[in-house]
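Shared between the two complexes below is chain A, which has chain B as its partner in the first and chain C in the second.
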Partner chain A sequence: MADITLAVDGTEVSVPVGATILDACRVLGKDQPTLCYLDNLTPVNVCRVCVVEVPGNRTLVPSCSRPVEEGMEVNTDSERVRHSRKMVYEFLASSVDLSLVDEETVDWMVRYGCDPDRYGPQADPVEDRDQRVAGHHHLGDGSTAETVHQPVKVDNELYIRDYSRCILCYKCVEACGEDAQNTFAIAVAGRGFDARISTEFDTGLTDSACVFCGNCIGVCPTGALMFRSEHELRLAGMWDEDDQTVTRTICSYCGVGCNLDLHVQDNRIVKVTSPMDHSVTSGHLCIKGRFGYEYVQELGDLAVTPIDQVLRRARVPDRDSSG
Partner chain B sequence: MFGVGGGTCSYQEIETTDVILLWGSNAREAHPIFFHHLMKGVRNGAKLYAIDPRRTTSAMWADTWLGLEVGSDIALANTVAREIITAGLHHEDFIRHATRGFDAYAESVEPWTLQRGSEITGLPAEVIRRLAHDFAAADQAQICWTLGITEHHNATDNVLALINLALLTGHVGRYGSGLVPIRGQNNVQGGGDMGALPNRLPGFQEVEDPVSRGKFEALWGHPVPYQAGKHLSLMLEAMETGEITALYVIGENPAQSEARSDHARHLLRGLEFLVVQDILMTKTAELADVVFPAAAGWAETDGTVTSSERRVQRVRKALDPPGDARDDLAIISGLAERMGRGWGYPTAEEVWDELRSLSPNHAGMSYRRLAEEGGLQWPCYDEEHPGTLFLHGDLWDDPLPRHPAPFFSTPWAPPVDELSEDFPIRLTTGRRLDSYNTGVQSGGYSSPLRTAVALEVAPSDAHTLGVAEGETVRVVSRRGSLKAPVRFDRSLRPGLAFMSVHDPDEVDVNLLTIDAWDPKSGTAEFKATAVRIEPVG
Partner chain C sequence: MSALPTAAERAAVDGHLGLPQSAWEGGEERPEDAVLAEGGFRASQDRRQHILPTLHAVNDAIGWVSAGALNYICQRLLVPPAEAYGVAGFYALLSLEERPARVAHICDDVACRNQGGNKILSDLEGRSDVHPSPCLGQCDQAPAVFYQRAGEADCVAVVTDTDQVIKVLEGGKPEEVPATVPQAGDPALRLLKRIGRVDPTSLEDYRRAGGYRALTKAIDLGADQVLSEIKASNLRGRGGAAFPMGIKWEAVARSSVTLRYLICNADESEPGTFKDRVIMEGDPFALIESMTIAGLAIGAELGYLYIRAEYPFAQSLLENAIEQTRESGLLGDDVDGSGKSFDIEIRRGGGAYICGEETALMNSIEGHRGEPRNKPPFPTQAGLFGRPTVINNVETLINVPEIVLEGGDAFAAIGTTQSTGPKLFCLSGAVATPGVYEVEFGITLDELVDLAGGVTGSGSIGAIMLGGAAGLFVGEDYLDMPLTFEGAQDRKATLGSGVVMVFDDRTDFADLSQRIARFFRDESCGQCVPCRVGTVRQEELLARHCGGLPWEDELFEDIAQVMIDASICGLGHTASTAIRSVIDLGLLEGSRG
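Moving on to the complex of A and B:
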């Protein structure tokens, strides 16, 4: 197919038909910030941090999903683009716990001069976010920053949901749905500021359609969805990525040959991921591949390490989540 | 297939194919990431036919579910073939060019009218007709199968019946079309490729072929036994007759995984000497005279495994094995040394490089390339060879550079364990999403999905028997009996019951199963047991 030529920030670039503006930016080495975009998911265009300015368009356009056109002129760094991106980051950072986002996101926020504190101190958490229906949310008086804070949901042995960290990027919904798992256990409930990721009728995961593949954890950019093992180790102050090795191997179960990256700390597997750029898994696994590794590290009482003691807490189905 | 022991397609091909026959496979639970690829195909417009006695979670995604009688797969395949031929939808050019034995095959399926096929399989004739027409008329089509095809007394004929359909329609050797057996274990493909079969040398080369054998003898400086050995079912028979008195079991749990398991345990106990090499103290290891504690192949050692798309991939050591456990290579090398055959303690890569020197299919797969290219699909003949996306493309080359692919007549025979007045219920077995085989591995983690093994029955059967959900019943086959709670499962038709195999310590379903096995593959008929269900007083 013929290539399409466009200009990004004044530099010409040719990319194949069907490529997005983001693809063209990457060809030029001009990566754009993204939150809801991932190579293995269909873009849902919700986060708006990848927006760019294209003359002739009324609004800024999402670079992750807008196909290139011949002769298009793209501006990725205009005042309007910078301002829009800054506001998105600021609003998110003022209401959501972003302490576990990746370094790139932090770098973009610094670059755009984000100052989430200017919205005032955080408002008191509300207890009923999961019960709210459209129209429930009332505007504050402007003296405090609204918050999505709510207690961590710990309702099973394998993973937790900390929606205080959720930016509603939809990645988990897509991975649970058509883009990978086709299970549809979660969706966005509520409207406006009360929108949140929810199971049907807000049931616990064990009563929902969830099959515990953990593919939602694999795509979550903020740590809102987390291995129970990582959660417990963080609570105990023992999660130490500097002390972890990551080793690529193949799952020990069925014959599909899924690539696993074993995250190991103190000779114990503490997390399992899969490379997004591998043709077999595209980063997705099933419950056995992601969680079925305990049999190589349940070694009886003789060999229990401090890390084992914490990991054992992660094997209790339900636990008071206030800690 | 056609002399090559591997699936013909790559996973990516199912994403753009037009018709998928998912035959005897609950891939959504047993091979979930393959099912992701399959679902991409469905999303892209492929028509999915699920052929399975149970309306599984995979079948729920199908355009059409064919809930055939257990063990009637050949009847269905032969009927489909006859319909294709009768309707003139077979690929005459391909058949003439690339196959042999068509006329005899066509004659053999001639009795399989839609009406007869319908009677034997229990499927509506119109549904069989539609499958036949859709499959034959498709531009690209795949047949994917697993143990629902192979765990039968006539497993090999079941597979041949499916291969016949691909030859009949030219759905093999082209991108998007092919035959796709999805392997049940992470290295069952690699094990066979590496010669862990009684009739094969490493590289899937024939033991009984002097030329192949000669290569190994030259390198090893030692004669290689010139006769094929025994597969597992034959070994059990030889243990019964006393021909085999010592057994060395590596990473297998036959005390629980074999059909008619109490008999298998009896045979294992009767051995003079049993050595078990395993990562855990399995029920088989408990019977052993000597246990070699082994390291877990996928997380505690280096090596390779081969997937269902013939992709050889590296496994790597991420953990130190516990205690005195050593990797299989070190144990076998140590054993050789004590037997006076010191060949040193080679690394996994050194062993692999020797294999590459002997197996043309793997010659190009250096450890460096396997790492850099995310694995390679055999055949891969040299360091410049990119590996092979799909097999048997040469069936379309003109002139044909190989022997034509043969049709085989596949006569249908019902399951050995016949239903009768005393044993009126058909019990079949299988896997669940979160568990695996006898549970040695998967039992180690806490799964929120896991439920106790139960006898799953159609609700109407339970009503007939007067048993409630959760009530314990006795399940009796011609070989044994066990007690299990009843669970209702609306995916089952009346007359069909299901048990998973994952918790033999609690419910040993293989007390019931029959050890009738396929003479060609040695696989027992786990999928078809005749039972009756008795309330427990």
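Moving on to the complex of A and C:
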């Protein structure tokens, strides 16, 4: 099928039928801010930070999911676009802890001149967010800006859920569901500002359908979902990304051949990810690849012993007694 | 989660879905279950749409939905528990916590709050079986109470004092009031002509009063000709968006996809709106006939009638009407001898204003959270279950028999060129005779208020709310405005869903606008950032101002603009308009602090 030609900020570009406005922008090297969009997930277009102006549309349109049309004129930097993007970032920054978002997001926020403090001081954390019911809320006096701040959920050895950082981008739900794992352990619960990611009846992950693949962690843009190792190192003030190395390897558990990126600090694996652009994983892993690395660190001196010596030692009949 | 259902919960679920056929869906273990797996992706897709009706079945029978009940529903319908929990918790009228067997939802919305709703709520403050409620669609008889009663049908009652509510909560029987219209008997009426005059439970009476002549004529004309008449009528949707009905119908009728759906949007929840309830309670057969004509015209074999849960009386009358028409061959495999089949299924909402948004409504029917979809694709392209779908409001649909009988051109001659036909308005607040009024498009606001007996209370207008909470307040200078789509547009107003709520000059507009801000925050689905956070920030800003601080206009405009520009659906787009108008009219200046 013939390509579709459109204009982005006055520059013509041709992209295949079915491409989105975001695709067209990227062809031109004009990347747009995104939060809920990820190449390996179905667009849900809920964050609205990628909105652009297209004449003929009463409202702004989400570039991540709107298919291009012949002759379309897209404006990515109009006053309305800049305003909406600024406000989305401000709304999130005034209600969610964004201290762990990537640098790109921080750059966009600076560029659009966000001032999250103008909504007043942030309200204190609360413990009842998981009990809130649809259609009712406590009416405040407006002296503080309501937030999603709440205690961290630590209910297993592998990963934690810090929903004070959750911007409700739906990515984890998609990764847990049809876009990757098909486990459906989490979904959006509640409604409105009290909407939240939850297991059924807010039960702990170990009682839920969770299989601990950690694919939700892999797609979380704000650090709301985090390896427990990272969480604890951060609490102890010992998490140091500048000091970490990332080593790519292939998972040793089965024959699929998933690529692993081992994040190592102080000669310990502190986190495992998988490259998003890898044809086998698309960034997704299983519990073994993502969390099954402890045995490596339990090998003691074996981990640094040359392999021929390891094998030679293995052939020694009384190796058990030799320790 | 391993919680098990009680026998009563199991019975409620099975009573709705039928008995489980295998151990895979929660039944008795059979030998073949060990070797033959059932379920799978396809079955889960097919069954998912039953989740909301099944949740209702449990909530109705037990009073709430426990973890065990939810697990059993999930097992029966192959829905993951986390998702079912997310669906159940989306609806304000489904309870996921144990609660008293009888619960009263007392309307404290714009019409009811100052007509007794607030007083009853404060009298009963602290009771776990009493909750405030958004508009119950009874604004003409305020204040209204919606009762949920475990093991018994829900019901709505209009009350005059707190004791009446207590009596019902303690086991008494509430009185349901039949629908009436102030203009009953007026020979000029088209849409309301049978209400209060014809027995709403009798198909025979409906036919005697001219009912089903339009269907017969529509079958004679054929689908193409009916479509032409609808297009010629220039009828525009009455739900609020005023989209031409003929364009929707034609898009679906001409679609290359043959499996299509019709939806009647009876999720009337816009504060101040009650016209659809009056139609459904007073003339239910007219809606069934209208849907049938529509279904045949667009080539749909199934129509869904999505009605809000707060209209149990209307629902029972519609169920009766569907049953009687089926028995008479006016619905089913061969509609009135046409050789075509069409049937109607009723779906009950769960207490969520957002489900009146057309795509949210479709998600709700499909068994998902009632979150609006991004458009395009539009429902006419990919609507319910991904199929081409016509979705029309109740009032829009009941014009159809008139158009078929009178002809599209004759219908188009009523009203003005751009706003054709009769129009229903919901008059409430400080007027002598509140109710649903039928007029021809073009009457002025002044004339309409006079029709309802003029302004009561102090006798002086403070402001008039047009179009509901999603509309706006206007001052006395709008009394000469012709009530047409174009007339409203020219004055930067809206007719919305036909709400005309009059407030006298003694009204506490600070309180009123805060109620509206609360409404939008409560009813936002929470999906998109502009609306989810914007409705909160708007409410906070208004609270600061009503608490005595200066109005923050720049911040308000910033919040309003992003909701208008970047929200996914109409809820966010209109969440700030009424409050903006209250400010612009200076209505908070006197009452502040």
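In the analysis below, the second predicted complex is superposed on the first by the 296 of 323 C-alpha atoms of A that agree within 3 Å, B and C clash if a C-alpha of one lies under 4 Å from a C-alpha of the other, contacts with A are read in each partner's own complex, and residues count from 1 in each chain.
Heads up, the rule we're going with is that a contact is a pair of C-beta atoms (placed from the backbone, for glycine too) under 8 Å apart; a residue touches a chain by one contact, two chains touch by 3 or more.
Predicted model, so just to flag it, every value in this text is computed and none were measured.
Student: Going by the contact rule set out at the top, does A:S279 touch chain B (first), chain C (second), both, or neither?
Tutor: Only chain B is touched by A:S279; chain C is not.
Student: One more residue to check, A:E157. First (chain B), second (chain C), both or neither?
Tutor: So A:E157 only meets chain B here.
Student: Just to be sure I read the superposition right, which of the two partners does A:T245 touch: chain B = first, chain C = second, or both, or neither?
Tutor: Once the two structures are laid over each other on A, A:T245 reaches chain B alone.
Student: Touch check for A:Y295: first (chain B), second (chain C), both, or neither?
Tutor: First partner only, chain B.
Student: Taking the superposition as given, does A:G257 touch the first partner, chain B, the second, chain C, both, or neither?
Tutor: Touch status of A:G257: first partner only.
Student: With both complexes superposed on chain A, which partner does A:N267 reach: first (chain B), second (chain C), both or neither?
Tutor: Touch status of A:N267: first partner only.
Student: Should A:R80 be classified as contacting the first partner (chain B), the second (chain C), both, or neither?
Tutor: A:R80 contacts chain C only, not chain B.
Student: Enumerate the residues of chain A that count as touching chain B in its complex and touching chain C in the other.
Tutor: No residue sits in both footprints.
Student: Any idea which chain C residues touch chain A in the complex?
Tutor: Touching chain A from chain C are residues 1-2, 67, 70, 80-86, 89-92, 95-97, 131-132, 134, 351-352, 369, 374, 376, 514, 518, 521-530, 532-537, 539-545, 547, 555, 558-559, 561-562, 564-568, 573.
Student: Going by the contact rule at the top, pick out the chain A residues touching chain C in the complex.
Tutor: The touching residues are 45-49, 51, 59-60, 62, 65-66, 80, 83-84, 87-88, 91-92, 94-95, 118-120, 133-137, 139-143, 145-146, 167-168, 184-195, 198-201, 203, 207-209.
Student: In the complex of these two chains, what residues of chain B are touching chain A?
Tutor: The touching residues are 11-12, 30-34, 36, 39, 43, 61, 182-189, 279-280, 296-300, 305-309, 311, 313-320, 322-323, 374-375, 433-436, 440-449.
Student: Please give the residue numbers of chain A that touch chain B in the complex, ascending.
Tutor: Result: residues 156-158, 178, 180-182, 205-206, 210-213, 245, 247-260, 262, 264, 267-269, 275, 278-282, 284-289, 291-299, 303, 315, 317 of chain A touch chain B.
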